[in-house]
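Two complexes follow with chain A in common, the first pairing it with chain B and the second with chain C.
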Partner chain A sequence: MPNKQTPKSQWGISYGELVWREFVKNRLSVIAGMFIIFLFIVAIFAPFIANDKPYVVEIEGQRYFPLFRHLGAIDYGVLLAGVVAVVQLILIRRNKKRVDPSERGEVLLKQIMISAGVIVVGLVLLYLFVPRRLDATNYHAMVESGRAENAVFAPIPYGYARTNLSVREQPPSRRHLLGTDDVGSDVLARLIHGSRISLSVGFVAVGISVVIGVVIGAVLGYFGGRVDFVGMRFIEIMMAIPQFFLIITVVAFFPRSLLNIMIIIGITSWTMDARFIRAEFFKLREQDFVQAAHAQGIGLRSILFRHMLPNGVAPVLVNATFGIAGAIFIEAALSFLGFGVAPPTPSWGQMLSLGVTTTGRFLWWLSVFPGLAIFFTVLAYNLVGEGLRDAIDPKLRKAA
Partner chain B sequence: MGTYIVRRLFLMIPTLIGITIMVFAISRLAPGDPVSLALGPGGEMDAERAGAVVEAQRQLYGLDRPLHEQYATWFWRVVRLDFGDSIKHHRPVSSLLAERIPITLMLNLSAFVIIYAISIPLGVLSAVKHKKLVDRMTSVVLFMLWSLPVMWAGQMLIGYFTGPAFVDWFPPAGISSNYADRLAFFPWLLDRIWHLVLPVVCISYTGFAYLTKQVRAGMLDNLRADYVRTARAKGLSGSVVLWRHAFRNSVIPVITIMATLLPAMFAGSVIIEQIFSIPGMGLLAFEAVTTRDYNVVMAVAVIAGLLNLIGLLLADIAYAIVDPRISFEGKS
Partner chain C sequence: MKENTAKTTNGYLLSVDRLRTYFPVKRGLLRRTVGHIKAVDDISFAIEPGKTLGLVGESGCGKTTAARTIVRLVPATSGKISFEGVDVLAAKGQQLKGLRRDISIIFQDPYGSLNPRMTIGNIVGEAIKVHKGIRGSELIDRIDMLLEKVGLGGSYRNRYPHEFSGGQRQRIGVARALALDPKLVICDEPVSALDVSIQSQILNLLKDLQGEFGLTYLFIAHDLAVVEFFCDEVAVMYLGHIVEKACAEELYRNPLHPYTRTLMSAIPQVELKRRQQRIGLVGEVPSPSNVPAGCPFHPRCSLCDERCMQESPALNEVSKGDGHFVSCWKQDEFSD
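Moving on to the complex of A and B:
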């Protein structure tokens, strides 16, 4: 029986809806948000947009689907995550109309758990069953020589790892819309695939830093006293070494991989989150609802994270959006310096580093396009963060 | 004042120890042992003799002793500014650092002065013309500058201002020309400035975007405050109200922003010094990481932390000088 507690007419507006309504008033932030969604769509469908394998091809009268057979577990996994995210959004919209506000939190939590379960099971299945064979066939050559017919290629018929030394360092042309790099790979194809690295680094690194920051900040803020003193000294030490120096120190000693870079950025950027949460919890722990939860004998973990956290999470949310922009920048900078993922995995920062060759020649298309990609992505996240902050902070709302 | 500074200096000691512990921990948590890394993969030596060589090396560097002892030895050497030798340069790390740090400081300090010199008037102007065209334009431009990746900006500047692509106005690399030693002081200075234009532009624009925004916000708050209305009501002239009342109060928080700007600028110098081949601490760090010159990496991390702490201390002292409400003898 839905709606048993509150009649639908009295549902009122939730905090999330309030923030959302303020947020959409800021046109620039909304456009930036749409740009980020567009980037995610590009990242999810990257192998379908830029690939040197055709969707379908006829070889000696038989029809093959090389692109789909060549997709790896990661490609399918990303698609799955995309589908789950869309389903999640639809469910949230539906809840708004049907579920009683007091139960929404529970329902949402249940849905997130189910989605996470679907993703985990899906990833395991993919890992087990997706064949990881390498298809080195050059379909372009086959089509040209007439061995293959009726081939339908992706809109950008180049893969990110395809090298072709006969067309190296070519400026933009009809064949290669954004030119080619030092080994003759198509810049546009690499840009499209590179979006995956940037977006995932931003998300995972900030996810890690928010979790660490929230837990440490909550503990320090709730207990105060000696725990807080020791914790704050630790935070001070973390903040004393400039973050980029700390990161390259770690990079020097640890093996370089995408996961390591995400973790490194995550574990070096949680200090702000921890300080925000600590400050909020200092205020919150004196309040009646926390005392009441205590009196009811609710467990510590529940008090900290289910009762107090939702009331103090707003600044962290805003900081996380700026944090994503920062993490994308740091990854690009590391890759630019050559400390990032190893080629041929495409990364915007690594592509940018090819803009000036070792002999000092300036290849403008290798500087302008990856640079613009990083710039617009960072700008979009910063704009969304700005919009979110204006929407959340009621003091600024009045002043503006 | 003196006692205040001394007390602050003493408070830095535990943080410094913490920094060294952290750097040491990173170096020892990493997979692989420094000896096998230094010796590289074994050649055609038989296992027994190879093992003996590794063991001898471990003893030589004290790696066979417990961790806290290793840390204590290392820390004691760090206190005496002995960071060991650089593998790449075959010289003591401390003498390398002594050469490199002044260059980085010069770069960052000149950027620092420029940031404050431009940001403060611009922020004040923006606040006075609140919501007018000037304000909106500066806000948009600054926001874009704030998001502009510095390696891209640097590369574009090199590409378009140092070579055949557009104009050839500035040198693409280094901090002085080959013939700089033979120049008299003023030509030498001009040469130096000519080399520093592009890198300093790159270092300053992010901080300058950030600081202007803060100055503007502070000014807006103060211009709305009651005491400003009172001052106006008394019949004081607009410029007196602006500069003597509102501005003086807005400038205080701006000084604390130094504390946020400094670490960001140090971090940026790794990228900028690499792009412009400036032989400072950042480039040293970059080369050390690429060549796995561990002593240098650890030394640079410790020194970067130390310089940062000194910056914070200076910011606090400046704050205490500017704001009469803060007493030197009060509780920290």
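Moving on to the complex of A and C:
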């Protein structure tokens, strides 16, 4: 036993750190992980990267900030969530060094609760006080005509909903790096805004399916017997239904909103998670430490979710990363078929479907770029999932 | 910690009466019960407060099942267990919670019995938090105190189980068992997974703690040398039955059941004059799902005759009042 304690070893190495160390050994996964982080940054700052409103503009001697006034509650909300996430990460790192591990869980929970509270309150306030202003002013035209001056535009000076029929269906050029679509919107601007849809669909849908899957799987795996028998038949029925057709059917009945799509993907894809957790719980419930918790009279909920779940959650986490990729894929496919979010909200799948015009012409830039975006995002999630799986697998660790 | 003031039934802290624990064997699509594994079949014993009862027998003889039935981890089929006058098998709610506090268990495998995702402090302190509502620095003080009692420093509180050796882990298991000031500690082969050199450390620790807190032990083992050192009274189990029960000294001096004699002959002896002919056993232990008729030991017993194959002997006291019980038709052939 190391008795001389260096500051690092003072708290010992937790399982999370072990997995992390193993994970970072896999270069490809790390690169994929960085790509996903990059995508998140792009999604969070999308309105600041691609927007047809200038940050600052002077009109008749007066200074305006059209971009900031134009942003809606959702935009600010996402920004807020991003800030909170970064603060959380910093706090978790700090806690690792300062907080007694026996208290860590509670401290972390408290922080998450506070952050969630901040986000909720922030969103409500934003909804009340920051209505989205419809600003149809064409600042580019104003600048050109000389009415406005000293305008500072975003790096990509086009909004995702900007239509300009004079530049429709243009191939990539200096002005429009990835070309324009059938109504003259900039493809790059729409691609950047579209990342918000893809990423949020992935996370929320998988979040829903993991919660459902874990709860059902935990109950089946723990109680076993008749409960398990009935539950498993139900899961098999769910699995027998082709998921995509179910989703299309349901989407046809409900309004085309992003939230509906997320929920539908979430409640149709939990079966794998439930089966993983069930299998793990079957194994875990006979283990001595679970029996010890029983013998000490610790509550069932605590045994299920504090003792057993942390020991059985690894396969679900891995599955979740693949699930995110799958959800992004489903959303893209739905949008491609026209069941996705309604235009002008951009989505990668929907952009893809515009590649072939009604007149039958094939606009390659409209298919290739969104296609590549989907491809790389899904690939990145799969690589991260694979890296995570290898890092968690103890058999591989021993061999290494 | 307070001294144990035991309310007892007939002077016993724990008494187990005709306990049976069967596991149903289910087959087929409809999960019909086709038979039972008779893990524990009609055993009775009792422990006085502050004393240690040893339960010995080979693997699969039902020792661990008996222990788990007493702590209510496994449901009993029939019988009665009473602890301080409380009916253990019928306890519910607050009563059961009280039993969980008063009876604790130390597990055999120090690797499987500690949650790998929890710190030592959490493992030891969780029950204190749940049962006594103690939190914060007071909880930490108690955890440190417990860890020091079992010979680990409080500084280990924040570490994870995988950072410890087997012996250290077993000490943590002991600390956890003591967390709620129990009256009865069930030690389910606490040293059989450890190196011999570590075994004695843990045994001495358990002895010291017994003296300090006035604990009562139900000590399960398959190593007779360990039991001789540790126990006041010893019960020998074979195939779910208790075949012989006596105070430790008497049992080692004068084993009466052929099975006990076989076990005794297997203890390695250093002194030449104590060495005796080793009695070999033929055959395997029968499956507890298909216990032989008559004496459960008869297929392997060298003294077996007609009666042994047909009638099951009861556990009888050899001579009135000496506390030596044996369940054998041939007991007289060994008495000195």
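By our rule, the second predicted complex is superposed on the first by the 386 of 400 C-alpha atoms of A that agree within 3 Å, B and C clash if a C-alpha of one lies under 4 Å from a C-alpha of the other, contacts with A are read in each partner's own complex, and residues count from 1 in each chain.
Just so it is clear, a contact is a pair of C-beta atoms (placed from the backbone, for glycine too) under 8 Å apart; a residue touches a chain by one contact, two chains touch by 3 or more.
It should be emphasised that the depicted structure is a prediction, and the values quoted were computed from it without experimental measurement.
Once the two complexes are overlaid through chain A, chain B and chain C fit side by side, free of any clash as defined at the top of the document.
Shared-chain residue A:255: touches chain B; no touch with chain C. Once chain A of one complex is fitted onto chain A of the other, the partner contacts of A:137 are absent, as it touches neither chain B nor chain C. Of the two partner chains, chain B is the only one that A:339 touches; chain C does not reach it.
Contacts of A:288 after superposition: chain C is touched, whereas chain B is not reached.
Chain A has more of its residues touched by B than by the other of chain B and chain C. Within the superposed three-chain model, A:299 lies in touch with chain C and out of touch with chain B [touch as defined at top]. By the touch criterion defined above, A:307 lies against chain C but remains apart from chain B after alignment on the C-alpha atoms of chain A. When the two structures are aligned on the shared chain, A:242 is found in touch with chain B, with no touch to chain C.
Least inter-chain distance for chain B and chain C in the combined superposition, rounded to the nearest angstrom, is 6, based on C-alpha atoms. Within chain A, no residue touches chain B in one complex and chain C in the other. Touching chain A in their complex are the following residues of chain C: 68, 71-73, 96-97, 100-101, 103-105, 107-109, 112-119, 121-122, 125-127, 130-131, 140, 143, 155, 157-160, 163-165, 168, 173, 176, 179-180. Within the complex formed with chain B, the chain A residues making contact are 233-234, 236-246, 248-255, 325, 329, 332-333, 336-339, 349, 352-353, 355-356, 360, 362, 364, 367-368, 370-371, 374-375, 378-379, 382-383, 386, 399.
Within the complex, the chain A residues that touch chain C are 1, 5, 10-15, 100-102, 287-289, 291-299, 302, 307, 310-311. Chain contact summary for the complex, chain B toward chain A: residues 14-15, 18-19, 22-23, 26-27, 29-31, 143-144, 146-152, 155-156, 158-160, 163, 165, 172, 220, 224, 263-264, 266-268, 270-271, 274, 285-286, 288-290, 292, 294, 297-298, 300-301, 304-305, 308-309, 312.
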